[in-house]
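In what follows, subunit A forms one complex with subunit B and a second complex with subunit C.
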Partner chain A sequence: MAVPRSATDWMVPVFGLLGAIGLVVCIWLIFTWVPNDAVLFFNQRIFYFHVGHAFNLFIAVGVCGVSSLLFLWRRTPRWDDLALAAAEVAVAYGAVVLVTGSVWAKAAWDHWWVWENRLMMSLLLWLVLVAYVLVRRYAGASADRLAAGLAVFGTVGLPFIYTMVNKGDQHPQAGTNGNVATLTGPMQIVFWLSVATFFCWFLALIASRVASTRGERELRELREQGLDAGLLT
Partner chain B sequence: MPAERPRQGVLRQAWRIAWKDLKVELRSREIVYTMAFFGAVIVVVYSFAFPSSSALVRLGAPGLLWVSTMFAGTIGLGRAFDRERENDTLRALMLTPVPRLAIFLGKGIAITFLVGAVALVVTPLMALLMDVPFFDHPGELALALLLGAVGFSAIGTVFAATLLKVRSRDVLLPVIIYPILIPLFAFGTEATAALLKVPADLDNAWYWIGLLGAYDAAFLVLSMWIFESLVIE
Partner chain C sequence: MRSRVWIVVAALAMFSARAHAETPGPDARAACVAAMNVDKAFATDVVMNATKQADPAVLRRTCDVALGLDAKYAADLAEHAADLESANRRLAADAKQHETASDAIAKNERHVIIAYAAMWLVAVGFLLFLRQRQLGLRREIALLRRDLEASLKENA
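And now, the complex of A and B:
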């Protein structure tokens, strides 16, 4: 269900404010409270931003895929608005993931980029998202259908991308011995706090984008009504 | 929409549409000749652009083969649908009392033949000019290329048909389909690379060919299901 008009009105300031507070708190905690990682030492601190964005990137992609599917099925414009908003937010989050990842990779592996499973998948996913936004902007009248089709195809392609480069995982891990689920203590708290912070930003961005698309449409419809009534020229 | 028809009916209708396309093509031979020539020119460019030491060629040739086939295929794809646009014949096709599924399959089959024709030109030419031993395992290579052509045509047909009325379709077609096709391209390249190894790594080749088949199956089903909601006019 796309957020109703009144919901977008309060979502933007509330989640924007929560995100702003969270961002300050997160940065402060990351540099003062969280201990150094046992293996990667100081450079591991970028992890809270990197993975925090990556989690929300996948949420955004999921929202975009599902609402595109619902749009093709039901043809309700609100699903299309939501898909567009999610895709644009996903492009921004994906750019953050790739850039912070690249910076971290330079520090941890001494390479800006390695052709490794998760990097490859994120990059291809991001390419599909950029293509989506390009189509929305330049495909004219049939942009909504085309972009929805692209989103659905891209989502179906994800598992194939994942199997494509399955050559052993050398992605840097958050803890010394495993993944996000094994984090403990301050690391765990700050990690989930940063995920929540960027999720608040995500909600605020999506709500404001949906509201602006809806505003554009209403303006267009009013203008058409005005033209029909002979009030505008 | 027409009444329910037996399954065989759809396939026969699809074949009629494909045969119509192929007959038009056989009369002018415009697409086949230009595509094949384009593919050949790419191969010649490659043979100048890359070192011709046979060890290096063995490593690079699989990618070059798939890139040139895909580039030439994109040209043919755009042209095949331009032909429908010029006389507005796609609308006539849509008005015929056959299910959209038959139209999709018919166009897809015709394009598979065109891409296959390009592969038939490019593969021997590369084997000849760059001294690549493509014909040590002709059956496996042909199967991989055929599966590649099927996947390319399925995805390409859906989006080329949807883009038909869009002004910037020539540039948007590759923008949309390449990110989706990257897994297909990678599976095909890996399969070809496994076949070119000394001695040929048949187990690996069949693994990648199997993935090509899975990719084709997933996207064929998706394309058949989505074609109707994407191509409205």
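And now, the complex of A and C:
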């Protein structure tokens, strides 16, 4: 009898391959096809990866928050596995967003950082995610519930960060004319392609981490069973 | 004999007409002056055409004479020269601006490279983190296997 394969088994290679192809195509298009922005010139090309990661950061935080909420409600370990995997991916994506954003700000406005609303909220969200990972690692037996509460708290901030760009703050806009919808043809195509590419990476990484976290948990449970049965000392 | 005389007369008439066309006579000149007086655009065309064909040295001398005779013309010419100089200065400033913009774009390239390198560093860091977790999991499995084997040996 064949052992049933988990969804994570095929998700990692499939989405990893799609992400790798998308990454190559994106980089090629960004540097050969997309025109220079009329105001920001060449440095606007950072936008495709910076905002692409930001969109996926929102998705990762949303997945982490909803999974944590479901874990707190149902106490099912698989939701906890998904929340932890999403939080770790969100930390990586958040780091890319903050670093590339800072470099872009230096290139365009000669400032590494400006203490404005959206940047502050984004930094706080990232710190909450880092706190989530640290709590999971060091908080002991009740780490999963503590971290889940923290994730729900962090997710509440998402709508504020997303809407702040239209609330007159100083954060740079997506294109010359403002938001993503007003980007010119090639810019918009490459932007959405980069979002899709990083979403593929997000799915591959999530699947990989869920499988790994599930393996760690199952191993822990087996060891406990072995200890209870007197097989292990 | 009569036909030969007609041929000679016709040839002389043709020669005379050709010579007349090459060097316009006083009548043609008078007609041209009258036409220029009546039609200012035609007069301008004639003057422009003549100027194009004229010797630059002659033009310069003519200009000098005109400047000496007409002070306002001299002032206008000086003003025009100043305008030209100002336009040249503006062009030079524009060129400098383009140079600065080009430098700015080159500087942007550096920042774009830094941003993309940072992204790759974070990606590599995250993959190393995943690898570390995988290795940890493998160590745990090896440890559990060893403990189980030891336990089975003891029980046997």
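Keep in mind that, in the parts below, the second predicted complex is superposed on the first by the 205 of 233 C-alpha atoms of A that agree within 3 Å, B and C clash if a C-alpha of one lies under 4 Å from a C-alpha of the other, contacts with A are read in each partner's own complex, and residues count from 1 in each chain.
The rule is short, and it goes like this: a residue touches a chain if its C-beta (ideal position, glycine included) is under 8 Å from a C-beta of that chain, and two chains touch if they have at least 3 such contacts.
Just so you know, these numbers come straight off a predicted model, no measurement behind them.
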Between subunit B and subunit C, whom does A:F202 touch in the aligned arrangement: first, second, both, or neither? neither
After lining up the shared chain so the two structures overlap, which partner does A:W104 touch, if you call subunit B first and subunit C second: first, second, both or neither? second
Considering only the touch criterion stated at the top, classify A:H50 as touching first (subunit B), second (subunit C), both, or neither. second
Does subunit B (first) or subunit C (second) touch A:A139, or do both, or does neither? first
According to the stated criteria, A:G215 is in contact with first (subunit B), second (subunit C), both, or neither; which is it? second
Quick check on the superposed pair: does A:F15 touch subunit B, subunit C, both, or neither? Answer first, second, both or neither. neither
Does the superposition put A:W79 against subunit B (first), subunit C (second), both, or neither? neither
Scan A:F160 for contacts with subunit B and subunit C and give back first, second, both or neither. first
Quick check on the complex: what are the subunit B residues that touch subunit A? 155, 158-159, 162-163, 165-168, 172, 175-176, 179-180, 182-184, 186-187, 211, 214-215, 218-219, 222, 226, 229-230, 232
Which of the residues in subunit A end up touching subunit B in this complex? 72-73, 124, 127-128, 131, 134-135, 138-142, 145-146, 148-150, 152-154, 156-157, 160-161, 163-165
In their shared complex, at which residues does subunit A touch subunit C? 36, 41-43, 45-46, 49-50, 53, 88-89, 92, 95-96, 99-100, 103-104, 106-107, 205, 208-209, 212, 215-216, 219, 222-223, 226, 231-233
So in the complex, which bits of subunit C are touching subunit A? 101, 104-105, 107-109, 111-112, 114-116, 118-119, 122-123, 125-126, 129-130, 133-134, 136-137, 140-141, 144, 147-148, 151-152
